[in-house]
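Comments concern the structure below.
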Amino acid sequence: GCGGAEETTLGKIKKNKSIVVGTDATFPPFEYKNDKKEYDGFDVELIQAIANEMGVKVQFVDTEFKGLIPGLQAKKFDLIVSAMYKTAEREKAIRFSDTYYPGGLAIMVKKDDSKIKGIEDLDRKEVAVQIGTKSVSFLKEKYPKVKPKEVEKNTDMFLELESGRVEAVVTGKPAAKVYAKEKGTVKVLDQLLTHEEYGYGIRKNDPELAKEVNTALKKLKENGKYDQIVKKWFGE
Amino acid sequence: MIQITELNKYFGAHHVLKEINLTIDSGEVVVIIGPSGSGKSTLLRCMNYLEPIQSGQIMIENQPIGMIEQQGKIKEMPQKQLNLIREKVGMVFQNFNLFPHLTVEENITLSPLTLGKVNKQEANKVANELLLKVGLTDRAKAYPEQLSGGQKQRVAIARALAMRPHVMLFDEPTSALDPELVGEVLQVMKDLAKEGMTMVVVTHEMGFAREVADRVVVMDQGKIIEIDSPDIIFQHPSQKRTKEFLNKVLK
Amino acid sequence: MIQITELNKYFGAHHVLKEINLTIDSGEVVVIIGPSGSGKSTLLRCMNYLEPIQSGQIMIENQPIGMIEQQGKIKEMPQKQLNLIREKVGMVFQNFNLFPHLTVEENITLSPLTLGKVNKQEANKVANELLLKVGLTDRAKAYPEQLSGGQKQRVAIARALAMRPHVMLFDEPTSALDPELVGEVLQVMKDLAKEGMTMVVVTHEMGFAREVADRVVVMDQGKIIEIDSPDIIFQHPSQKRTKEFLNKVLK
Amino acid sequence: MELDFSILLQDGNLPLLLKGLWVTIRMTFFALCISCMIGLLVGIGGMSKNKLISGICATYLAWFRGTPLLVQLVLLYYGLAISLQIDLTASVAGVLGLGMYSGAYVSEIVRGSIQSIDQGQMEAGRSLGMSHWQTMGKVILPQAVRRMLPPLANEFIALTKNSSLLSVITVPELMRAGNSIVADNFKYFEIYLTIALFYFVVNFVISTLIRILERKLHVGGVRT
Amino acid sequence: MELDFSILLQDGNLPLLLKGLWVTIRMTFFALCISCMIGLLVGIGGMSKNKLISGICATYLAWFRGTPLLVQLVLLYYGLAISLQIDLTASVAGVLGLGMYSGAYVSEIVRGSIQSIDQGQMEAGRSLGMSHWQTMGKVILPQAVRRMLPPLANEFIALTKNSSLLSVITVPELMRAGNSIVADNFKYFEIYLTIALFYFVVNFVISTLIRILERKLHVGGVRT
């Protein structure tokens, strides 16, 4: 790296009055392109509110999930906003902001399936999970009898279920609910398998930025704006 | 042996053979001469139907080749029937067209074996006899690229003979050869003629024509302009064009 | 004009030219004959260094070609220097080697234009003069594939002449031609000889050798076995092998 | 950037990659066989005088060469299952899909090399009484195969790498194994470079084998 | 399974796809230019008698042909930025990466076609006093180009489709646009078939253009 005279990321953001945000916009309801082909979703709206607090504009960069962390490290963007769970492994590579939303894994099955009522019924059954997500390690560690089938993309999990190749999908509950609502052929079980926390990814050497984002987030929680956005997207 | 009646052949709009009539008897040696582009090769190629024809008829041993009449309509004959007739007609090309990926012996035995005429042992026996005949016994295991031009052409002749053809067609068999190598190929052809093989030969070797031909056919611009014994053609040709052509070539 | 001294040439371990010594004077026409594989083409190709040599020296107008001595060591000369000497040596190949993607005129003008010898206008003027000389004025805009073999070879000669060479090398210029087309090419060569062009010709056309050659060189197995006037070579050759060779070819 | 390849020795990463490599090699090998068969059929069929046959072959070529492998795989694996209840396993769909895709490219290579064989060879075969297909099989193809080899090397190497798309239909091949390790520990460069090395070795073996075959098949050469 | 293509007309889906298509076409076009230049250089260089030059070219070929495009792109875009602070924009990295990758394949095509030109052509040029490079440029290459065209069609079509990997480095090309629509409305088959059709059309145009060029460049043909 270069010497300390280099300006910080936060400094750059303030100077340009814009923050560059990396996201994989294929994951409703967190981030996706809406019918007007604008970035939309819970994550999108919340980060825009945060940026507003910081007095800057948001500039999105759309890339595949596996490109997010190298992109951050390569300074292609300043912040990852892509429904990313905070995990110990990830924290070795990058820094996380304070968590901004609790999430968890849920089970999705076909609508007419009455046999599967919870995780106990999945033993020796094939279950679709997305590669590189929490679901994979969760099943492997906690429920080794379940046969996970890893697929490439979020949408592929649903295809697996619909084509009858797996009997269930284990994935983040909010996303599963959106799909169930859109398609009407599947349902999401109420049981929450894990408790996870979503956070924003930030470069290790940008503690100032993390602090600034955390401050802004706290402010939004205090002034009710945060609850408003949560209500809009998750109706809770 | 071969009867050609009112043969017409076009390449697109180009009329290449015009009303050709020619009968070749069994055991006869016919040499075809004429200027470049006059249609000699095309006529020869029609004789085993390498070229489709537009009208007229070609009979090999009283069987039509290529076209047959069926319920009053003229159509192409089935491939199988055509192949059977073709076996009777051996062809030797100017460029040899040996199969480069096979040895001399394999070149000769390929067709008899493929068509199931003989078993491997017999085929090899026949090949060896033929190689003896063309004087190449020692090159049986060589590949074509290891042979001189004259040797290649003798292998091509042996290959055609392996099918026991009733007539042999030669299209300028010596014109791609070095002058010193011409003699060995002509010698093989002379031997064949002596044995009574029916032969049709397109060539510029006037010496061979004089010595071996029973009749000489002179072609010009797609027509046969003269047919006669070599003596008459070379000494007293009736056509002015024949004279002009011979003058150029013999000069 | 050309001086070859103690030239040796190998292909791998195969010794193809053995201790060749030959001097060719300005304006002289030398014909090289000999059996296939005796090294005639190779010798010719050495004369403009299309083949590298292993020992000996070849001088073109008192300049060495290919190899030069520098600080006591023999090395290949720089490309540029080689190209300059090559311009003095025109070469005509058996297979013409015309450039198929260019018209006759473009074939002739390509090299002079590329080397910046002349401008486009002059180049075309020269091309037209040369085409007149070889009797092909009307085919300037044709592509090689639209020409007969004899026409192709005359274009190849014109193309070589366009570089105003001091000596012309011909490697069997007529052996790929139909017999009737041989005459027209030999005629162009005879005209050249009459104009005093230095020429080295490998050919099987003994008529041409007799008529035009100042000296005939006979090669066998990589050696020059006899050099003499055509009269002596054809009537009273001193070597037995020359006699044998001529017998075969002239038969 | 510091690279830390010791990561390969942790958490069973290397074995996972090797397992993926083995899947890649197996899938590629079977796909390659299918690709050659289809390429031969479609390549020769495309030259047929029969309008129907040559039409079918041209359509095959245009579709399978012209559209993305990803789409073809999704249609084959998910599309067939959802619309026609044809339930191929991932491996079967993968090998088939890869083979059909690559077959289109190979067919053009086959056609090109057959057409480059001197017309006189077919004439010689026919004039010896052999049929068109006998001559094709015994005379033309053995010579054409030799000329196909250099472009086939290109195609087979591309095929190896295209097999990474099979991860879309859940085949646990090399690239997918790598991605799942990367998702775990974020050591992209170490893992990707290792993957690149694996592919490199496989492709090096392919191109070497083909070069040896080229030499062996040298038409008319002395083969012993 | 019922397909409902009216989805294309809703929500600006078609315009988004068309925008993606336009990105794909642009990236492919520029990559293609780079690919040809590199292919020419590396192909000719590989035949050089200079051991250093031919060694460099052989290494280039082995690496860029032998390893996955995905890895090459990640190294070029992310790797360079992290390790050497060389910060290419996504478009530049994409065009460069695609071009260098495809260039390796093209170089083999170039080499093959140059070597297929009769040796006599070079000799004729040299014996007329032209240098090796002058003859290469004026005599050999114009003829070789004609023979390169059929395999180049294969390669350019593959290039078009390889451009879909650019989504990994944030280029919003056609396949990415499709994926983002699918994420919104889950109409996989409609969208994927549309994408396939778009690629098909582009590739049809490419192969048609090359076939026209083939006819135009018919060596020695009457060109008017």
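Labels for the chains are A, B, C, D and E, by order of writing; each one numbers its residues from 1.
Just so it is clear, contacts are C-beta pairs under 8 Å (C-beta built on N, C-alpha and C of every residue); 3 or more make two chains touch, one makes a residue touch a chain.
The model shown is predicted, which means the values in this text are computed figures rather than measured ones.
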item	value
Fewest hops from chain A to chain D - one hop per pair of touching chains	1
Chains touching both chain C and chain E	none
Neighbouring chains shared between chain D and chain E, ordered by label	A
Chain located farthest away, centre of chain C as origin (C-alpha)	A
Angle, in degrees to the nearest 5, of the Cα rotation that carries chain B onto chain C	180
Relative to chain B, chain with the most remote C-alpha centre	A
Whole-Å gap separating chain B and chain E, where each centre is the average of the chain's CA atoms	50
Chain B and chain D: spacing of chain centres that average the CA atoms, whole Å	45
Between chain A and chain E, centroid-to-centroid distance (C-alpha), Å	36
Contacts with two or more other chains, residues of chain C listed in rising order	none
Residue list for chain A, restricted to those that touch at least two other chains	66, 70, 153, 159
Residue list for chain E, restricted to those that touch at least two other chains	74, 78-79, 82, 188
Touching chain combinations (by label order)	A-D, A-E, B-C, B-D, C-E, D-E
Touch list for chain D against partner chain A, complex	74, 77-78, 81-82, 87, 167-168, 170, 172, 176, 179-180, 182-186, 188
Contact set on chain B toward chain D in their complex	48, 50, 79-80, 83-84, 86-87, 89-91, 93, 95, 97-101, 110-111, 114-115, 143-146, 159-160, 163
Complex contact set, residues of chain D against chain E	1, 62-63, 65-72, 74-75, 78-79, 82-83, 105, 108-109, 112, 150-151, 153-155, 157-158, 161, 164, 175, 188-189, 192-193, 195-197, 199-200, 203-204, 207
Contact set on chain C toward chain B in their complex	35-36, 148, 175, 178-181, 183, 204, 245, 248-249, 251
Parts of chain D lying in touch with chain B, wherever the complex brings them together	118, 120-121, 123-132, 134, 138-139, 142-143, 146, 219-222
